[in-house]
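Take a look at the structure set out below.
Chain nomenclature is as follows: A, B and C, assigned in order of appearance, with residue numbering initiated at 1 for each chain independently.
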Amino acid sequence: MITRDAATPASGQLSVGEMLLAHGIGRRGFIKFCTAAASAMALPPWMGAAMAEQLRNAARPSVVYLSFQECTGCFESFTRSFAPTIENLIFNVISLDYDDTLMAAAGDAAEAALASAMRDHFGNYVVVVDGSIPTGAGGAYCTAGGRSAVDTLREAAKGASAIICVGTCSSFGGIPFADPNPTGAWPVTAIVGGVPIINVSGCPPIPEVITGTLLQLVSTGQIPDLDEHRRPKAFFGNTIHDRCYRRPFFDAGKFAKTFDDEGARNGWCLYELGCKGPTTFNACATLKWNGGTSFPIESGHGCLGCSEPGFWDKGSFYSAESTPQWGKAGEATPKQVVELAGITAGVGAVLGTASAGVSRLRQASRQKAAEHEHQGDE
Amino acid sequence: MSDVAVEGLPAQARVAGAMQGFSREIGALSAFRLESCIHCGICADACHYYVATEDPQYTPIWKVEPFKQAYKREASAFAPLFRLFGFKRAVSAEQLEHWQHLLFDSCNLCGRCSLICPMGIDVAALIEQARHAMFDAGLAPKELYDKAAHQRATGQPEASAEPYRDQLIAIGVRFDVRIPLDESDVDVMLCIPRTDIDHYPGAVAALARVMSHLGVSCTFRSDGLIAENYGYYAGGREWQRDISLRLIDTAIACKAKTLIVPECGHAYAALRWEAADLYGKPLPFKVLAVTEFLAQELGAGRLRLGNATTGPTTFQDPCQLSRTGGVTEAPRALMKAMGVDLQEMRNNGSFSYCCGGGGGVVDIERAAPLRYRTMEIKLREIDDTGANTFLTTCSDCRRTFDDAQRHFSWDKSPESLLELVAKNLIDAGAGR
Amino acid sequence: MDLLSFARGPALKVALAVFCAGVVWRIAAFALLRIRRDLNRPRNSLFKYLGAGLYTIGTRSWPHPEFIRRTGAGEALGYSYHMGLFVVVLLFAPHIAFLGSLFGITWPGLPNSVITVIAVISLTLFLAVLFRRVTSPVIRMLSNFDDYFSWFITMLVMVTGLAATAQIGARYSTLVAVHILSVDVLLLWFPFGKLMHAFYIFPSRAINGAILARKGAAS
């Protein structure tokens, strides 16, 4: 948990409020910004004012952004946040002290920035992790400045007030973690402990979910309510299916059977086309993407379930949720089913024949015993 | 099979005997029947013993419970598991002794339960098989066992004061009808229930009269006379075969093409539907119930019948003839030809309730109180028809009803359909 | 591997394997016992009595008029929850997707609201069936572990299915996983208990019906 002290500006530092004033943003404008952010996080409206008050008096907290085994898709998503916008966030709300993608510095200077942030704000900085952490080959699959990701993370975690895992890779291992996991990749939770970890999963996560979580953390100083996968309930409390505008078609039993049939054109439910909405907890159906423009289901494709652990290993994206999935092979095909049934029925037939044979032998021996007895009598 | 005294068998030998009998008997068909039961209890509602008493132990399928248990342990697919884990206990001697009451005293093998089972199980067939195992366990009721033993040895279930041959001749004299006896090279061999000889000689005479009227070449044979088969009742499979063989061999010896079974339900069942299996090959002659034969003759125009003035009449379908034997239409065709005003009972034809005496029950003395209790259903149904006359075509039914008449001081007595036919014969030539 | 992947993955595979092997084993073990030829002359022709056997499959679905008064209500209860069960199993869209992927064919389903109503009715009837089993002296006497366990596991499938649809008690993915797991348990138990009657009922009616019709007896 972030301590309150952490949010108090050190002497000589400008508070967020002072800084905003210097940029010509008044108290009113800032409350508006915070209210928008609060509503994006499904927090009550008064939280906006409270957040604004808290933030105005707080020093911009130090944030270090660590990119490990990742594709930068999550970061791309992060940069497209509408409320709050990334520039607002990084210039006005937080002090982004290290981010190898955005920072002007490079090489030793960049690494020195990281080291100094961790030293100066020990115990108070927030670590954002993007990407899984490969442990194979002594961590050699992902290094920066000659240090492996796993070492960097372990060290950064020591003085962190909290860790936010952005994306499914850092949250649950993601694609690098998927079978056969050649790099020995792990999620953050498998590497470090003893520090609050918030998972903001998704491949990538919704921009506003990343910024909103970060904003809520630094503004309230509280770890938000988390689900069993450590995801903020404000964003991951419902399934996509529950909030999907196509849900009435599911309830009415109207399903698209292919991507170009009548049902698909009518916007019917994509369940049978493999939509993972029913088991996927995320805010896609409510916050949507690109500033609330659309989301995958709205554009005609089923949910891939990317914000759920192990989503890459759960079989075909195009087989319905309730279909059998046999291990790595994905969806069981009718052919496989027939093979399984055939082989096991064959085994059954052999056992059954043996059982019947044993019963017949028992019968024959009893018959013989009876005949023997019979002869003995006469 | 040893001729041990029924009581004298030690418990262990009993169980071993029962399991032996059961094991020898169990084939794919009976196993399938035992497998299929879903414990729905619906068969109870077909059984007059349950309907009359509402005592759950009379549920038909419960009567084979020890054998279901034995099947699961001994012969089913997972029998080794059942034995290993003791899911089903071994059948005990006490259990079998208790089940004697359920398998013999309270079952007429009437087959009504076989028509109600939603799984289609022929429950009565299972009970008959269970009786075989009970016999092998030395647990056949004494009355049935003794009669079966006597019949197997001598050809008749009980000693008679006079030989049956002489009694037959006497009946011929008394009723003024020629009794064809011990002839050879005939078309038809006749047999007769000893119940008829003892209690209903009119039926014997009627049979002879009808046959002679039709001019059928036929004979009774003193070496194969008695229709009943107490081996069948007692459950002694070998004994049943030996008793049937006496009739089969005689019929073959006198070159009969048809064996006519008179008014006796279980004799028909034993000869028509079981004898060939015990004989080991198809019988070289046809087996017909007398009503079946007469209905054929009627249909062929060789038998003509006058109007019988019986008033409102009801008809008791003997279970083994009608329900399990398929002779349901023949007696009705005969009654129709005689213009009988037939008032059917609420449950009639294949669904008729048993008289309560079949399956050897009428011979079991200790079963009488329960038998009277269950008979009330039947007597009420007969009374409800409003009929004055009451016909049947089975001497065991007649005997049971006559017994009930004495017990309940009932106002009706069953009459023989065969005798009614014999009384209303019209000369076939007369109409031409 | 999460619970859902386990339930519809390896657990389902093992359950199906045990189901197929067990069912064939159990049937073969008795079907291959001795079949004695009936040497008694039949009353009806082969064609006629086999036909009557097939006919019995239908006629035995409902009691003969003579029996209705005593058994009609009980049989109606039994058949109605079975029918409800079949409708839910066969016509609920996720089930169709499941079966479709197993067998490679699909068919139209019913709206969820209809399915839910039918499922709730079936569940109620299923409770009534248990009530009847424990209160009727006859059925209670006949009942054993098999009856109660088969009831329980079927009930479990129904309850977890309804809970998953209504999303009561836990998150959907967990409920679906538990539902599929309960189906796995049902498949595992199937060959060992009375659920086998699903395979027996029609052949049993047909065979016994044909044997009776061979004698010209009623079936």
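The rule is short, and it goes like this: a residue touches a chain if its C-beta (ideal position, glycine included) is under 8 Å from a C-beta of that chain, and two chains touch if they have at least 3 such contacts.
Quick caveat: nothing in here was measured; it's all calculated off a predicted structure.
Colleague: Taking the mean of all protein CA atoms as the centre, name the chain whose own CA mean is closest to it.
Modeller: Centre-most chain by C-alpha means: C.
Colleague: Tell me, please, which chain's centre (mean of its C-alpha atoms) is farthest from the centre of chain B?
Modeller: For chain B, the chain whose C-alpha mean is farthest off is A.
Colleague: If you average the Cα atoms of chain A and of chain B to get two centres, how far apart are those centres in Å?
Modeller: Chain A and chain B have C-alpha centres separated by 78 Å.
Colleague: State, to the nearest whole Å, the distance from the C-alpha centre of chain A to the C-alpha centre of chain C.
Modeller: From the centre of chain A to the centre of chain C is 41 Å.
Colleague: Taking each chain's centre as the mean position of its Cα atoms, how many Å separate chain B from chain C?
Modeller: Centres of chain B and chain C (C-alpha means) sit 37 Å apart.
Colleague: Could you check chain A for residues that touch two or more other chains and list them?
Modeller: Counting only residues that touch two or more other chains, chain A contributes 351-352, 355, 359, 363.
Colleague: If I count partner chains per residue in chain C, which residues reach a count of at least 2?
Modeller: 25-26, 28-34
Colleague: Send over the residues of chain B in touch with two or more other chains.
Modeller: 26, 75-77
Colleague: Within the complex, which stretch of chain A touches chain C?
Modeller: Spelled out, the residues of chain A in touch with chain C are 239, 241-242, 250-253, 255, 257, 271-272, 278-279, 281, 308-310, 313-314, 319-327, 331-334, 337, 340-341, 343-349, 351-353, 355-357, 359-360, 363.
Colleague: What part of chain A is in contact with chain B in the complex they form?
Modeller: Answer in residue numbers: 351-352, 355, 359, 362-363, 366-367, 369-370, 373-374, 377.
Colleague: If we count contacts the way the header does, which residues on chain C are in touch with chain B in the complex?
Modeller: 25-26, 28-36, 38-41, 43, 56, 60-61, 63-64, 66-67, 70-71, 74-75, 78, 136-147, 192, 194, 196-197, 200-201, 203-209, 211-212, 215-219
Colleague: Sort out for me which residues of chain B touch chain C in the complex.
Modeller: Against chain C, the touching part of chain B is residues 26-29, 31-33, 35-36, 38-42, 44-46, 50-51, 54, 56-57, 59, 61-62, 75-78, 87, 111, 114-122, 272-277, 279-283, 286-287, 323-328, 346-347, 349-351.
Colleague: Would you mind writing out the residues of chain C in touch with chain A in their complex?
Modeller: 1-2, 4-5, 8-10, 12-13, 16-34, 93-98, 100-104, 106, 108-115, 167, 171-173, 176, 180
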